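To start, the structure under review is shown below, and the notes come after it.
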Amino acid sequence: MSRKILWINPIGTTHYDGPLQEWLDASKEPETDVKVISLPRGPHHLEYYYYDALILVDVLHAVRRAEQDGFDAAIIGCFYDPGLREAREISERMAVTALEEASLLTAAALGRLFSIVVGRKKFIPKMEENVVRYGLHDRLASFESLEMGVEDFQRNKKKTARRIKIAGEKAIREHLAEVLILGCGFQFGFYLELQKELGIPVIDPVIAALKQTELLANLRQKFGWGHSKVYEYESPRREEIAHWRLADQYEGI
Amino acid sequence: MSRKILWINPIGTTHYDGPLQEWLDASKEPETDVKVISLPRGPHHLEYYYYDALILVDVLHAVRRAEQDGFDAAIIGCFYDPGLREAREISERMAVTALEEASLLTAAALGRLFSIVVGRKKFIPKMEENVVRYGLHDRLASFESLEMGVEDFQRNKKKTARRIKIAGEKAIREHLAEVLILGCGFQFGFYLELQKELGIPVIDPVIAALKQTELLANLRQKFGWGHSKVYEYESPRREEIAHWRLADQYEGI
Amino acid sequence: MSRKILWINPIGTTHYDGPLQEWLDASKEPETDVKVISLPRGPHHLEYYYYDALILVDVLHAVRRAEQDGFDAAIIGCFYDPGLREAREISERMAVTALEEASLLTAAALGRLFSIVVGRKKFIPKMEENVVRYGLHDRLASFESLEMGVEDFQRNKKKTARRIKIAGEKAIREHLAEVLILGCGFQFGFYLELQKELGIPVIDPVIAALKQTELLANLRQKFGWGHSKVYEYESPRREEIAHWRLADQYEGI
Amino acid sequence: MSRKILWINPIGTTHYDGPLQEWLDASKEPETDVKVISLPRGPHHLEYYYYDALILVDVLHAVRRAEQDGFDAAIIGCFYDPGLREAREISERMAVTALEEASLLTAAALGRLFSIVVGRKKFIPKMEENVVRYGLHDRLASFESLEMGVEDFQRNKKKTARRIKIAGEKAIREHLAEVLILGCGFQFGFYLELQKELGIPVIDPVIAALKQTELLANLRQKFGWGHSKVYEYESPRREEIAHWRLADQYEGI
Amino acid sequence: MSRKILWINPIGTTHYDGPLQEWLDASKEPETDVKVISLPRGPHHLEYYYYDALILVDVLHAVRRAEQDGFDAAIIGCFYDPGLREAREISERMAVTALEEASLLTAAALGRLFSIVVGRKKFIPKMEENVVRYGLHDRLASFESLEMGVEDFQRNKKKTARRIKIAGEKAIREHLAEVLILGCGFQFGFYLELQKELGIPVIDPVIAALKQTELLANLRQKFGWGHSKVYEYESPRREEIAHWRLADQYEGI
Amino acid sequence: MSRKILWINPIGTTHYDGPLQEWLDASKEPETDVKVISLPRGPHHLEYYYYDALILVDVLHAVRRAEQDGFDAAIIGCFYDPGLREAREISERMAVTALEEASLLTAAALGRLFSIVVGRKKFIPKMEENVVRYGLHDRLASFESLEMGVEDFQRNKKKTARRIKIAGEKAIREHLAEVLILGCGFQFGFYLELQKELGIPVIDPVIAALKQTELLANLRQKFGWGHSKVYEYESPRREEIAHWRLADQYEGI
């Protein structure tokens, strides 16, 4: 059964669209069709809550349009998972995923404890909150910070790889990590060499999200298992949205 | 020492501005000046994550403008606390509060366990997540749902009061609640009668937020205790915002 | 990429092999080949720890043989997940899954809280312990007991369906469940009708395990992500096993 | 609205009464009147449970007399919070606070994680138990021990300041603390210099307790929000106390 | 090896000394010598924190005298465990126990979850706090309140037994309790009949404390395993106590 | 009252039977009769789950035979506690204990936090899971790994003692441990010297298990307090076992 997936790069630059498209195409199943987009405006990374907030509505409207355009699933391509639950709330039949949730669910079946490699300590509060929200805090060995900005990861790949390796060794030795998660979409491409060196699974969050999304799209198509529409993800009523003329007030609805 | 506080009603209707202004003026300290605003656009309530998302940037920009205009503090007037941490991140010297955090911190000194009265069960996931985030989950006795919409609270006050009373009695008897928190800004005005009937403190979240904000503004002015700018609330760099021309891209920056 | 999966029915009767084979064949991906076996000896259900203990070594040896015979993955077909971590420890390249872990990871992406429907209260201690071990206890809304034995589920299907429906309604209304998990492999076949009636996803654990296993086998083949062999799943040394002549001492090694 | 607050120094020496009175007078609101007392007998610090136990009844009777004498609130001036809940139980209308609870509630609105600087490791068990009791354990970054006795803090201020600074830097760097709490009443006076050096809010527990108490007294006067008298703080019946002639048996009732 | 144990009835009435002495003598080991005392002053029950506070110092001094008089162990005969950690701190070689800790440790080896039967809901906050402090909160099924005062238990034994039975049945059926703990020293004598009727172990806290104490005294005598004197139970220095002339200031030192 | 206890060394070598018998005889009460056995087959240590699995059924059948032969209690002599809950399920009147549970319950009354000394990090996942299962995770200070195999402990006693001492000092200084638990049955004999050097109680798990077992056997004999037979430890029905002819299928039933 074929499936169409939209990868939303939730930033206002197309700089990573090409490399990500290649990476996804190399990782997808044959029957998957994946399309990468980024936003028409916005910051170039999401290291601050404020940047997250700026892109939120544009992400949600991209998700909604994807649903209208017949996509089976959308991936919010950031390890902060910005807008994940909002997108699940407003979409009605589409699977929606994001990098942190997908990576955690993948790691959970591979080992007891996982560590997450992040760029800077500033990222930890929100990422840890997500771990708590997803209910997996007891499986978290540690966060390891590289003290690098998100935009640096792909610039000097050797330096990035070396720092991740050191962080991973520390996670294994001191915090008993059995799986290492690369905690940023822009850490894509590093996992393979690292898992050879470290001897434990190293989760590329881009691949993890793609695979989790293929699974969810499949479960929806074949077994009707979509995001529950009770409580957490109950959708707002269309009449109310129309009555308040929200489409006139915000771009992109 | 005088202080200027901005109450941001994070919805696109001025319908409640007048009654809230009155309620706040009656509750404030003499040296406090409080001003109520609502947003120029947006939904009329925030029962869904999507509505939360829509108003988020406008709230943040209202906070930022308030800081530029010399306000000492801003209150985000919703019990979901939308944008609270984002606002603390982008503001540099102003205190920012919201209804749930303020109500919980107030209740915490008054009794061991508190229950929160909500309109519908749909509200519980996010409010409970906030309780977890604020670290006070062990103090939560229960959520009690009235099965009423947010806009109904002030329409039929007798019915609202009667239902809250029943919910409160259940919370005390079955869940050992010692304090009752009214879990919506639009439940303002009910607390006094209820606490006489129930015999325990009933927290009006509007008053709780006002008082907590007066305290924080005071602590900032006299002792320099503002929101920490390390990690969680570290502000984005202005140069980066300028470099990406975000002000051109989004209204209200 | 094709994959061979072994479904181990960890009981000493072939009574369910046929229906399960049909159910799995109807649910699998085209490129999956799934084979159902049961054990040559053993109890007919695993409601007691003692029965779990009796079948444990035979399950492990079936897993080991499957690995030697070129299977890509094995599923331990019981919601108690007997021998799951032992099997991951002794296998060296194969994915191994079981019903509870797979169902929980599936439910985790579909809703905030899940409830698990069990036959009798006796089953709850071990199943709850597994929820804790998998780190997902905060996502558990409730266990709901049908007060039926495992062997009764398929005997009187109408009665089973009716009781599950009542249990599901209670879980949604009183415990805020958003997803319902059928907590026994012998509850297969009921989910579709139930999820129409209840309006939330109802997880058939047999399908959940199959799909999770296809995913893990795929992750292993394409990305080298297998069960971590550090700490929890580190394999015993073959020389030690040979030195102690364990193969002479136990059947089936 | 004016308010009278009693600061009870729960030790048997007047040595700190003067400096504390000055510190409090410099920190209080204009309409606050604060009076410092210490106990007529007792140990000079409370580093051991036994010392805590010795002063307990005298503290409670001081609280009770304060209520009879028309005080609006009492502060138990020790970071162990000795007798806090007992005092709230026996007082009927007065607000009662203590240093640890007040400091924690203050820190909770200023940052995500806080660290507490203590004199010796011996102090940690009870202080950590209080953090658990107040429900804020998830917000605790670390305890940092200076390995100094309580009586040393004010003796060699330079040494104390230097050690706190080192402890604070470690808390920020290694434990992600965003707020630092000085975990002893006798660490008063150090916060201002430290928060300049460390760049995060440093909570002086004496000021935190004073401000929290002014707030609670105000909430009581204006909104009737006092300590709940249900369950935890339900007062003993006066007739029972009289019937058992407890006043004849214990000094100070 | 013989051992001398002091049972301290921490109340100001000798009313229960006789029945408790009989109950203990019937339950003790042959080589145990147990002596019951009560306090020369104090309330007749400890239902309020205030009463707990009043008796605290007298209990500690009774413990200290017992140590000087050559007792091997002391039992604080109340389910609130008043003064337990203080007594362990000030004693230097004696084992000290109390009813709640001993009952919980006994129940922990007998079943997975236990429920505690209390007189009134007022008792729950402190008893639950003790469960948390002892680290066994995950083993707690429920508190069940009889809504009877402590002094009523032995007055109308039929009524007490009937109410405990109803509470126990509810605990088993609704909360999955496997062990029932009678949560008050004055519930002694009821366990035997109840455990026949309920079909699960019913812990008499008086017996549990006696047996746990015999064990601890034995471990101390034979293996040198006493209460650790590091951190939590580190004793105050005698010179400091002498220097402050505490013996002159408080009765009974 | 006399009691007969069976110590089951759950490994396939008699190598340790003699030394353990001596150690137990030196530690037992006069009225206790303890007999050490090992298994007729099996691995020589249980460092891997697989080895645990292999010996499980033989341990259970040894327990069952012991009950038939009139033993009052059985001890499963390994710190992994293999088969503990299964053995309690199938035995009907006998007390069953194991080393980790017994050591934890012993330590719980002696200090606030305990650390566990293990051979290798590989042992930690299961031992920590047991700590969680027993409900005492909040009391755990740390695991300290010696990086020695189980069979090495008694080979080079000096080296073992030296490493344990270093581990213990670290646990006290860095993790605030107040009690040290030797986390392997083959660490017997070291405690006495170590507790002199470290100044805190050091729990020998062999002695702890023996003493806890004597207590439980006693509680059963005198007060009828056995393992609860509701839920967790409910025994399978003999008729079912007979009906399935399990005795014909497995050795040793």
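Labels for the chains are A, B, C, D, E and F, by order of writing; each one numbers its residues from 1.
The working rule: a contact is a pair of C-beta atoms (placed from the backbone, for glycine too) under 8 Å apart; a residue touches a chain by one contact, two chains touch by 3 or more.
This structure is a prediction, so every number in the text was calculated from the model and none was measured.
J.: Going by the touch criterion stated earlier, list every chain that contacts chain C and also contacts chain D.
T.: A, B, E, F
J.: For chain C and chain E, let me know how many angstrom lie between their CA-based centres, rounded off.
T.: 45
J.: Centroid of chain D to centroid of chain E, CA atoms only: how many Å?
T.: Each chain reduced to its C-alpha mean, chain D and chain E end up 30 Å apart.
J.: Between chain B and chain F, tell me the centre distance in angstrom, where each centre is the average of that chain's C-alpha atoms.
T.: Going by mean C-alpha positions, chain B sits 53 Å from chain F.
J.: Quick check on chain D: which residues sit in contact with 2+ other chains?
T.: 112, 121, 124-125, 132, 176, 231-232
J.: Please list, in label order, each pair of chains that touches.
T.: Result for touching pairs of chains: A-B, A-C, A-D, A-F, B-C, B-D, B-E, C-E, C-F, D-E, D-F, E-F.
J.: Spell out the residues on chain D that touch chain B in their complex, using ranges where they run on.
T.: Where chain D meets chain B, its residues are 27, 29, 97, 101, 105-106, 108-113, 132, 134-139, 172, 176, 178-179, 191-192, 195, 199-201, 203-204, 207, 211-212, 215-216, 218-219, 222-233.
J.: For the complex, which residues does chain B have touching chain E?
T.: Residue positions touching the partner: 112, 176.
J.: Report the residues of chain D in contact with chain E in the complex, numbered from low to high.
T.: Interface residues on the chain D side: 12, 41-44, 47-54, 56-57, 60, 83, 85-86, 89-90, 121-122, 124-125, 129, 132-133, 231-232, 234-236, 240-241, 244, 246, 249-250.
J.: Within their complex, state which residues of chain C touch chain E.
T.: On the chain C side, the touching residues are 121, 124-125.
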